[in-house]
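Note that chain A is present in both complexes that follow, paired respectively with chain B and with chain C.
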Partner chain A sequence: MQKEQPKKQEPVTGKPKSSLMQWLDERYNLSALREFAKKKSVPKFRETIWYYFGGIALLLFVVQVITGILLLMYYKGTEDIAYESVRFIDAKVNFGWLIRSVHSWSANLMILSIVIHMFSVYFLKAFRKPRELTWYTGIALLLISMAFGFSGYLLPWNELAYFATKVGTDIVGQVPFVGKFMLTLMRGGEDVTGATLSRFFGFHVALFPGIFVIFLTLHLLFIQRQGISEPDDWAQKEEKEKKTIPFFPNFVLRELLIWLIVINILAILAVYFPWELGNKADSFAPAPQGIKPEWYFLFMFQVLKYIPGKIWMINGEIIGILFFGLAGLLWIIVPFWDVKLKPGYRNRVITYTGLGILAFIIVFTIIAFIAG
Partner chain B sequence: MKHISIAYLLILFLVGAITFRLSAAPGNDECLNCHEALDGKVQTPAIAFKNDVHHAAGITCAGCHGGNSSVSDMEEGMDKKKGYTGIPSTKERYVLCVKCHAEKKAMQSFGYRGSTEQFEKLKSSVHFKNSYNDQGPIADCITCHGAHGILGAKNPQSRVHPTKIVQLCGNCHSDPSYMQKYNPGLPVDQVMKYRTSIHGVKNAKGDTRTAQCVSCHGNHEIYSVKDPRSAVYNLNIAKTCSHCHSDTVLMAQYNIPANQYKKYQKSVHGIALLEKGDAAAPSCNGCHGNHAAILPGAESVSKVCGTCHAFNMELFEQGPHKTAFNIKKIPECESCHGNHGIEPVTDEFLGTSSRSFCISCHQAGDNGYKTAAEMKQLLDTLTASKKNADQYLDIAERLGMDVTDEKYALKNMKQLLIKVRTSVHVASLGKFKEEIAPGFEIVKDAETHGRKSIENYYFRRKGLMVSTVIVSILVGLLYLKLKRIEKEDRA
Partner chain C sequence: MNDEIKTGKSRREFLNDVIVGGVSAWLLAILYPVISYLDPPKSKQVKVSQVNIGKSSDFEINSGKIIRFGEKPVLVIKKSNGEYAAFLAECTHLNCTVQFRKDLGQIYCACHNGKYDLNGKVASGPPPAPLTKYDVAIKGEEVIVFKGEG
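Right, the complex of A and B next:
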């Protein structure tokens, strides 16, 4: 949203500049940038809180990049010493335990933030024209984040990760037509081996970050170009009824404040609940009890457990995968099937569908946690 | 039809029974009468058979060879149509013995009330395996008992009498060329060794109470020494020896105590072998030998123990005790550890407490006494320090700190402590201190790391508290700044 707010604007030159600012201004024309930022505003209404989750996800991505680079200095992505290198990071490297724990926790919080951000966009109908591409790039960022999580889970090469990856890739292998190819591509062979670890390491530190940055840039560019979405019912409101807050410095400072709170939560989680390493993976050992994927895959994992082995001569797992595939596709293409009503009318179909999906995910995730 | 079949079977049974009894009727053996009167190889079996237990029981030649012994006409007596079989093949001759000896009723009809399980036992034994030339079992009934001059086992002339059996077994087992065909790895000097043993010497003098081959290996049920069913399998051998050596009446006749097995059962070796099933642990033969069983003398005890406890023996020989024991002619290992009832070693055996071995010879004030006391003190300090370090590491681990390396180092202490305890055998304080010093280093490192890990755990929480306070202050300041800006905006 780009809106003029003459009342709230201050002259850029209203305050005396510091010598550094003056120095930079002379060279890079920062005043124009500040002027531009001041013109941007964010709608202020009951649901404004949800607007912060995109920023939180961005902060956590930055944390991921920084901690990931630090871990990369000691981590060795080969079958023989991957586990030992992580143990070395945990035990011997100064603050290594903290960096690893922050990396693991922020990865999970980042996906949680993206999921909340996605649902808020969905319920606020912010995916509608003209923001379809912003929605698609956002969905792409979520999928890449999940791929980040799936690949990163295996990197410590511990027992749970090894068998969870085995189960996870087995499920991918069930996808009709392309399953076998995907399975071999992911595993680098028939089984989860050192080749799988090398691949996952490559995907995690090179391929996914590259793709993620491209989609993130596009996502931010789209937002920048189109402005922040307004609530549905604002279309009928008079300009003077629309309350807004300046993007800079008000919204940015609020975002910063939330970021600091998130950093505090992250630090508490990392110190009080450090990410355990467990035992080293052993392909000859029996699968330990309690193998489960990361929490964001849990609802699918649990539902697949309930599907019978055979349904009308068809493999139950394939039907489950097709069901989730279709549901995911429908979710992604919501801008196409969304029924657009006249301004002022709420689209309850979209809202109830979203609530149903959200309840479905929450219920099955809780069941999976309880079932252990 | 059913009745006809039953009647037919009854008739067959009656005819068979009458025929069998006729062939067993004494004093009516025309075969024997003729063959006895002949010369050469056809006469020999007849003469031998006259002394045979079977002949005494009234069994005629026809009992094994078939035909009719009651008629004097050779044609009629050896008529194949009437069941004459002649000389049985080596492959199946045992069947003739089994026909009666495996049948309880048949044996009872001759007044025999003993076991009829010989064949069942023989069937599973090593001897009943097929011979290399496919000529029946390696050894069957006739191989040991003979064919025509079979005598009761208690008869001193019997081939299986206790004084004869060693020679009988030796016929095959002392023949290298024969044994090579079946088990090239098996020694053939058992009889020779046996004759040097106390058992063998007495047996040679006609003592039937001492052990010979079948006393340990069994008679019909002989298995390979590697077979757990064998009486001489390592886990079974102590029990086998105890059959005689725990017999107080029998042992009293030789002035030998009969409590060795009882003591052995409770000993460190007995527990390892009998309770834990560790087949590598020594049984009676581990120290006394088997075929050449003998009591190790005072000088050789350490050599015997040293076959397994090589390092201890080597250390003992380096120390002053070796010479002292030799001069006094006292057994080396046995003097402290005992023999059959060797207890698991504890640190209490070192030092000057009432359980210590050292005080058996050393008295307060002498050098040995002081050395023993100091060694014990050092060992106690190390074990206590290790326990302490273990506790620190356990606490650190419970707090979620990584102490894997230090725990591993402490696990290695077990090996070091064995080495330290073994070095006691040199009886040198200098050597002992040299061995124990690395232990103190390891324990100190582990304890330090344990302490640091625990401190670090609390440091992390304090650090978190500081960072949380700083960030919270920043949050507060930012909030105030925001409020001020928004107030200015509203103004």
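Right, the complex of A and C next:
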């Protein structure tokens, strides 16, 4: 984002150069950037609203980094005192409850915006050639975000998180061939213990942020290099009918306005619905009633409840894992099985498959909420 | 060696093979210790063969409690007829800790609604296998849980 600011000020408004801009220009010759910024535009049509969600996710990621660093000042990632340190943040540290609540809410809103962003890209068929790699890096960002969520969920070391982690890692352990190794790798042993907490803490604050930034950089670079995707309907219009919004400053200002709204929503949620801490995890206590994972895993969690213990000779859970694994893989490689039809024909298979998946996810998420 | 180069491979191909092979070996030499490092050492667990859980008269009829059996949670139940049963308290479905539910008269897993009867057999829900059994013996007044042979 910082990169964009110098671009936006000078060229569009045509004001005389500020001394800083002149200083930079003399040394780095910004004319290429300026030209680039001038040409950049966003198609204006019925669905333009969806173009903002990637930016929203980016904003929330920045919020995560900032609040995450703040939490690190007081959080202690060991079994004995993790829970107490989070309680300390909530109860004693000035605005500690707020920072933690913002971190938790922002994490959830970030996943939500990525999911909305992904579905909009899917339905607008923006994953098609030449943007396959943008799609794949985007999927990687979603998966890393979910891994962020899963690992962060355990860090307060409370009951819900403890059992959610047991179940989540056990599911990974069921994966044929590599499952057992992955399970030990994640848990740092056979069971969910303090070793698991240490590992998740390391993943959450060091490994995942590093990988995330790499994919995020690629994702943004691809978009800058290729320009924003234009949907087929729009691209086929005559040049005169194509309405666009200049990226600088019009689109950016709108995005900033939306960011302001998102920050307000975030503040309201964080203040009025502070994130609960619950009870400390106890490996010798039974799983509490109403245990559930984060909402974005809920539909899978609910489906797992319905799969019987044995289907023929195979464990039901393995069938469930294979089902979701296969469905997820097909979703990811959509650029491969998508067929582009002649202009004027819409590929309804893509649209209906997407709607079907969306309906499936929404229905089972709602059932899980009601049942839970 | 020379013959091979003359007949089969050009100098460039040979060098490519050497480089690819070298880089692969180098990567392997780095990855192997890293992956081994991530596999935690087997900590020596204190072998527990039996646990004394107190007096039989202190154990309410038709109730259950989870005890620490070494590193593992074990659910001990005193049935309504006064008999004892003990199981590894880990659900065979996805590893959650199960509990005795008085109202159901069953062993229950809150994670995915798995239910077992008081013999540890699956009554309903997703668990694919019965709970692992532990044995209970009464010595005088003391209730002792120990690991069964099977």
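FYI, the second predicted complex is superposed on the first by the 337 of 372 C-alpha atoms of A that agree within 3 Å, B and C clash if a C-alpha of one lies under 4 Å from a C-alpha of the other, contacts with A are read in each partner's own complex, and residues count from 1 in each chain.
The working rule: a contact is a pair of C-beta atoms (placed from the backbone, for glycine too) under 8 Å apart; a residue touches a chain by one contact, two chains touch by 3 or more.
Computed from a predicted model, the values in this text were never measured in an experiment.
Student: After aligning the two structures on chain A, examine chain B and chain C and state clash or fit.
Tutor: Here the two partners, once superposed via chain A, fit next to each other without clashing.
Student: For A:Ala91, is the partner it touches chain B (first), chain C (second), both, or none of the two (neither)?
Tutor: The first partner, chain B, only.
Student: Quick one: the Cα-centre angle at chain A between chain B and chain C, nearest 10 degrees, please.
Tutor: Rounded to the nearest ten degrees, it is 40.
Student: Between chain B and chain C, point out the one touching more chain A residues.
Tutor: When the residues of chain A touched by each partner are counted, C comes out ahead.
Student: Name the contact category of A:Ile214: first (chain B only), second (chain C only), both, or neither.
Tutor: neither
Student: Once chain A of both complexes is superposed, is A:Ile366 in touch with chain B (first), chain C (second), both, or neither?
Tutor: Neither partner.
Student: If you stack the two complexes on chain A, which partner ends up touching A:Asn264: first (chain B), second (chain C), both, or neither?
Tutor: Touch status of A:Asn264: first partner only.
Student: Check the residue A:Ala327 against both partner chains and state whether it touches chain B (first), chain C (second), both, or neither.
Tutor: neither
Student: For the overlay built on chain A, what is the smallest gap between any CA atom of chain B and any CA atom of chain C, in Å?
Tutor: 10
Student: What residues of chain C sit close enough to touch chain A in their complex?
Tutor: So the residues of chain C touching chain A come out as 38-40, 43, 66-68, 71, 73, 75, 89, 91, 93-99, 109-113, 122, 125-129.
Student: Write out the stretch or stretches of chain A touching chain B in their complex.
Tutor: 8, 87, 90-91, 97-98, 246, 249-250, 253-254, 256-257, 260-261, 263-264, 267-268, 271-272, 274, 276
Student: Flag every residue of chain A that touches chain C in the complex, lowest number first.
Tutor: Residues of chain A touching chain C: 163, 166-167, 170-171, 181, 184-185, 188-189, 191, 195, 283-291, 301, 304-305, 307-310, 315-317.
Student: So in the complex, the part of chain B that touches chain A is made up of which residues?
Tutor: Touch list, chain B to chain A: 400, 402, 404-405, 460-461, 463-464, 467-468, 471-472, 474-475, 478-479, 481-482, 485-486, 489.
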